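Next come two complexes, and both contain chain A; in the first it sits with chain B, in the second with chain C.
Our next item is the complex of A and B:
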């Protein structure tokens, strides 16, 4: 039974725990406002299954053991205070479970302790070893107390306490020893509680909260800038919103983001984990992010969203990077020089190629591609061509293929033609939010003028921007990707692919269809609906797909450090031994083709857009 | 009466188009201020006479010509000393130049000497409603712009970005008198003396500045094959540039990459050797004046951009070309 001194100690550690938490909350509450509805059901399911954490098998299992071990003992300790009477059979079962869980907990602890000790990385979180050591004391003293109790008990050790039996061998049959162990156990538990807010254990609270407040929209969405703020973008901690700061508190520095970051893998200095560590340090030390994250790191991000996908606690390094880019561009006027020309083209011509509206319809010369205003009756869809479809020589072919498919299916479609402007994806992800908003508003006005309801986008970047980012600016439409729409036309038997595909084919998942919007299966279904298709999956596909290197405005930036990302991906394609690699994005197309050419292999794989492949199967030859 | 001065732009003994653009700008300013006044072109240099003859037909009222062998190349101190002397003597209201490294330097010096407003990299000048001049100029490498009010401008000194200047449409047949200014009487004071000009190797010139560019692509091949293009660049006095794969292979530094992620060039002549003409490359050279390409593949996209396309192996064709050029100009190479 607890003495009043014990109660006092419990009270004290609870007060320290509570005060620490308030201090933590004060840290992330320095941030700007953000709207994040909580998701209680999500949190409960997450904690029960820990599926995201288990993505990494070993560490995941160790974590599971720790989590359930601690929960179980906590529940047991609380229940024990009520002195329940339980039948001996059940008591033995509980004893067995508690014994085995204790062993699992011990194993998990040793695993984490060794992992941290082996990690010389300065970016690793501080304050890990102390709580691990205290937890070790808790577990070991518990076992010894149990061992001593068994030595003293008349019936001795038995099957329902195997670990206890083992510890009984190591402990004297002394009531004093047992008492000491029980006290150590008790004090250590209280110490642990008090340590939570001040050590790595804070993630019990912060990571759980982060799961609770996780993003409900698709990963591809970037939040708009609040122009009322004194600083545009973010450099100091107060420039971030509270959820972004909570992210920094929730990051456990596990490194999963870093291990799948294409920039990091290809030898650039960027690591999303280090970005989160920097923000974490910033929350305590102050100063600007500019000092801890270099320009080379900042501009290396391809916005591939692999870090978001991989983070077990839903931290989003990407939106910090975008906000820091915004600060560099809008506050400091420091857009990388290679991208300036493109940004000026956007300003002057509203396209990324600097050709101008007068040439926006050139790709459709000689084809039946009417302007939306010239349609008989109501349009079924508007084809959103995008800058690449309109101007890039290869992607113009894809635009023509799409027009062919739509005409073959008898779809009543039109284009905006000269009134279409760049969707603004590159401008936004390069930090020029002003340019993005100008372009977006122009497009929304044009779409609304013609009362457009449904759009089909050729390019995943347009798709993501129009579908997920225009609503915040008042543009609400139904947006489909070209892949989804083509698939629908085949399913409804409006077109009949008949010419078989030759050779084996693989799929490269564009980030902005895949991780950005969860569109993986339609690409496979589309291939599957073509005669003669023989699909080989790449080792890294779907959620694990490896970026081509072209997102986030990287198409316009010089890749000066490390290896070229597209060459790495091209090597993976070459390794798969396919004849064709199909994708569904103009950037991926250019990047992969360039990468495959760089390999200078005997028989390089051909890179094609899925839309082109469908059109070919319909009988349209280039 | 308003007097607007325009600095004569020339390369060697020929006038540069930008001069006429400035004259046009001067005429526009004059119109804004009521039309009463004259446009004076100020020319500094040597043997410029021929180019100055026809200026009257473009709306110039008179030419001040300062000739001396010392003025063959730009020297900031000397030019500023001479011009500030002239300006103090004649008291013009405006001094307009075309922005470039030299004139940026010159205008700054004049502004300091005359304690008057200077707008470098000017995009626009307009008479404000409050009766003072307003200017827009580019800062941060042209990425951001500033709007300025010019408080003290006697004269108003501005160097315009060449891109905003448009030459006048038609000429008349009026003549502008050429007034020669006596160099000695201006007695320029300088603190340094020019001893020697060390010529740059054309091959080393920044590719955006070069008149002739020899661009190399992956077609040059692996290994020790770079000599042929290097020799050609030497022989023709061109600057070497490359596509990304060549730069990725470290055959040339990144500064020499043309294209979407490299530099944009618009030389008078570009010779593309072993380049397929991907959009990412052509985006950086489309505005070149005379385009020649050499490629083994008749389907290569680069041929869509060429004035002269040569079908052939660069390792066979280029040495012949280099040899011919050396025969024509034995001093080079």
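Our next item is the complex of A and C:
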């Protein structure tokens, strides 16, 4: 029975627990406001299955054992307070389950303790060993108490307590010993409770909350800047919003983001885990992020979203990096010198190539590509060409291929021509939100002027920006990617690909179609609908796809540190032994081609856009 | 120290995408309003001086004629310039008149250093700086890339591009006029805060009497650029034949201007004749001559 001293102790540990939680909450509440609806169903399903955590098999299973073990004992302890009468059969079953779960829990604990003791990395999670040790004491003292009880009990050990039987062998048949173990068990549990907010165990609360408040929109969306704030972008902890600070509290430093970050893998100093760690320390200590995250780290991110995809607790290192870039550019006026020319071109000419609107229709010279205002009847779609489609010599071919496909299918389509401006993706991801908004508003005005409803985008970056980011500025359209639209044309039998593809082909998933918007299957379906297709998947594909290195404005920055990301990807392609790499993005096309050429292999794989491949299969390529 | 930076606003024509010979094949979107690029580099040098000079510097922008590129001028102010002076002037002025007007403005501002771009993107005279120095009776250095200021005495140590990669370091007493060469790195853009703090830009008008100065040289004629044949790079060998041909064919509409003639052969022939007449190859036919 509980004495009043026990009750006092329980009360005390509850108070410490509660005060600690309030302090944690105060830490992340320093942030700016943000709107995040909670997702209770998502949280419950997440906790039950722990699928995201199980992606890493061994650690995931150990985590599952800990989670279910603790939950089970907690439920048992609470139920026991009501002194329920249970039939002996059921009691034995419960005893067996609790025994086995205890063993699993012990194994999991030993795994985590060894893992923590084993690696001494600077970025490893902190405050782990203390709670693990206390939990070990809880489990061991529990088992020993059980063992002693079995020794004292008349019927002795039996099948429904195998672990108890084992511990009975190791413990004396003394009531005093049993009492001591029970007390240790009890104190250790209270200590553990009090430790939750102050050690690694805080993730029980913060990570669960983070799962509850996880992002509901696609991963590629970046939140707009609040121009009313005194500081634009983020440097100090108060410049981040509360969800971003909660992210920092929720990060368990597992390092999965870092292991899949192309910048990190290619030897650049950036590590998304380190960024989250820096923000976490900032929450406690102060000082700006500028001091803990160097310029080389900041500008190395390709915004590939691998860190978002891999994080088991839905932490998003990417939006912190973008906000920190915004701070550099908008607040400090420090745009990297290599990107200045492109940004100036955007300012003067509204395209990333600096060729100007007068040349924006040149790619369509001699083709039947009318301006949207010159269409007979209502337009079925507007073809959004993008800067690369309009100006990049190789991607112009893709734009022409798309025009050919649309004409072959008899689609009543038009383009904005000289009125189309850059979608603003590069400007936004390089931190120049002002330029992005100017361009976006210009485009929205032009699209609304012609009452455009449906757009087909060649470039995934345009696709993501128009589809996910323009609505916040008042541009609401139905946006399709060229791949989806071509697939639809084939499915509706409006075009008939007839010429077979030669050789084996693989697909490189563009980040902004795949991880950004979940478009993986349409690329495969499109290849599947072409005659003679023999598709080989790359080792890293779909969600695990490896970035080409060109996103996030990296296309315009120099790669001075470590290896070139595109060369790493090119090596993977070469390893797969295919003749063609199909992709669906102008940056991927250029980056992969450069990478493959730099390998100087004997028969380099050809990099082609899927749209070009479809046009070739139709019988004519541009 | 007072530094004056002369900024030329230009309507830079980068394309001729129109179809109408009367408008010189120009469309509204064929030009961008901007500040002469070299002048932007001059401004960057002035702002650098403002930042690093122990006593700081006051940077005044000076522009001649009507305000064309307001946004760009405001951008220059946001970068950190203190004043913007506009010299009132209308119509065509030759370099002599321009420099004389500018010189008198500089005297009004009482500048210690005058910076301008080496030459302008639209007329490429490259004279304004030199003539300005002449009017002001100041030393002149052209092609300046970097300026350092002496600690004792009013002089500057400038680094200039002396052509074909040679770099020269000169010591020059102040006040002086320097014309600045475009650098390799584009100056950093203004921060949002700088723009936000600017409020409404203060433009100060300087009204000077231009009537007294006669032009020294008069333009006799000016010809628009001839459509030039674009030097073709050999097509990419990796492409298939169709790809190679279309790569050869792809050029901007500035280089190749064509008009598709439609209709039956007769109207097409008429089209060709009209075209030849319009471009002055054929004499325009006289009324009734064919019948006679």
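Keep this in mind: the second predicted complex is superposed on the first by the 620 of 622 C-alpha atoms of A that agree within 3 Å, B and C clash if a C-alpha of one lies under 4 Å from a C-alpha of the other, contacts with A are read in each partner's own complex, and residues count from 1 in each chain.
We adopt the following convention: a residue touches a chain if its C-beta (ideal position, glycine included) is under 8 Å from a C-beta of that chain, and two chains touch if they have at least 3 such contacts.
All of these numbers come straight from a predicted model, not from anything done at the bench.
K.L.:
Clash or fit: what happens to chain B and chain C when chain A is overlaid?
P.N.:
Clash - chain B and chain C, as placed by superposing on chain A, overlap.
K.L.:
Of the two partner chains, chain B (first) and chain C (second), which one does A:393 touch, if any: first, second, both, or neither?
P.N.:
The answer is both, since A:393 touches chain B and chain C.
K.L.:
Check whether chain B or chain C contacts more residues of chain A in the superposed model.
P.N.:
C
K.L.:
A:365 contacts which: chain B (first), chain C (second), both, neither?
P.N.:
Once the two structures are laid over each other on A, A:365 reaches chain C alone.
K.L.:
So, A:356: does it touch chain B (first), chain C (second), both, or neither?
P.N.:
A:356 contacts chain C only, not chain B.
K.L.:
Now for A:560: first (chain B), second (chain C), both, or neither, which partner does it touch?
P.N.:
first
K.L.:
Quick one: classify A:296 as touching chain B (first), chain C (second), both or neither.
P.N.:
In the superposition, A:296 contacts neither chain B nor chain C.
K.L.:
Taking the superposition on A as described, I'd like to know which of chain B and chain C A:340 touches: first, second, both or neither.
P.N.:
So A:340 meets both chain B and chain C here.
K.L.:
With both complexes superposed on chain A, which partner does A:590 reach: first (chain B), second (chain C), both or neither?
P.N.:
first
K.L.:
Considering only touches as defined above, state whether A:348 meets chain B (first), chain C (second), both or neither.
P.N.:
Only chain C; A:348 stays clear of chain B.
K.L.:
Given 22-30, 166-174, 256-264 or 274-282, which one is the stretch of chain C whose C-alpha atoms run into chain B?
P.N.:
Stretch flagged for C-alpha clashes with chain B: 166-174.
K.L.:
Indicate the residue numbers of chain A shared between its chain B interface and its chain C interface, in ascending order.
P.N.:
Looking at chain A, the two contact sets intersect at 333-335, 337, 340-341, 343-344, 393.
K.L.:
Across the complex, what residues on chain B touch chain A?
P.N.:
Residues 139-144, 218, 244-245, 248, 254, 257, 260-262, 264, 278-280, 283, 301.
K.L.:
Which chain A residues qualify as touching chain B in the complex?
P.N.:
333-335, 337-338, 340-344, 353-354, 392-394, 555-560, 564, 590, 594, 597-598
K.L.:
Quick check: in the complex, which residue numbers of chain A touch chain C?
P.N.:
Its residues touching chain C are 232, 329-335, 337, 340-341, 343-344, 347-349, 355-359, 362-363, 365-366, 393, 396-397, 400, 418, 432, 434, 606, 620-622.
K.L.:
Within their complex, state which residues of chain C touch chain A.
P.N.:
Residue positions touching the partner: 14-17, 27, 29-30, 32, 34, 185-194, 238, 240, 242-243, 246-247, 249-254.
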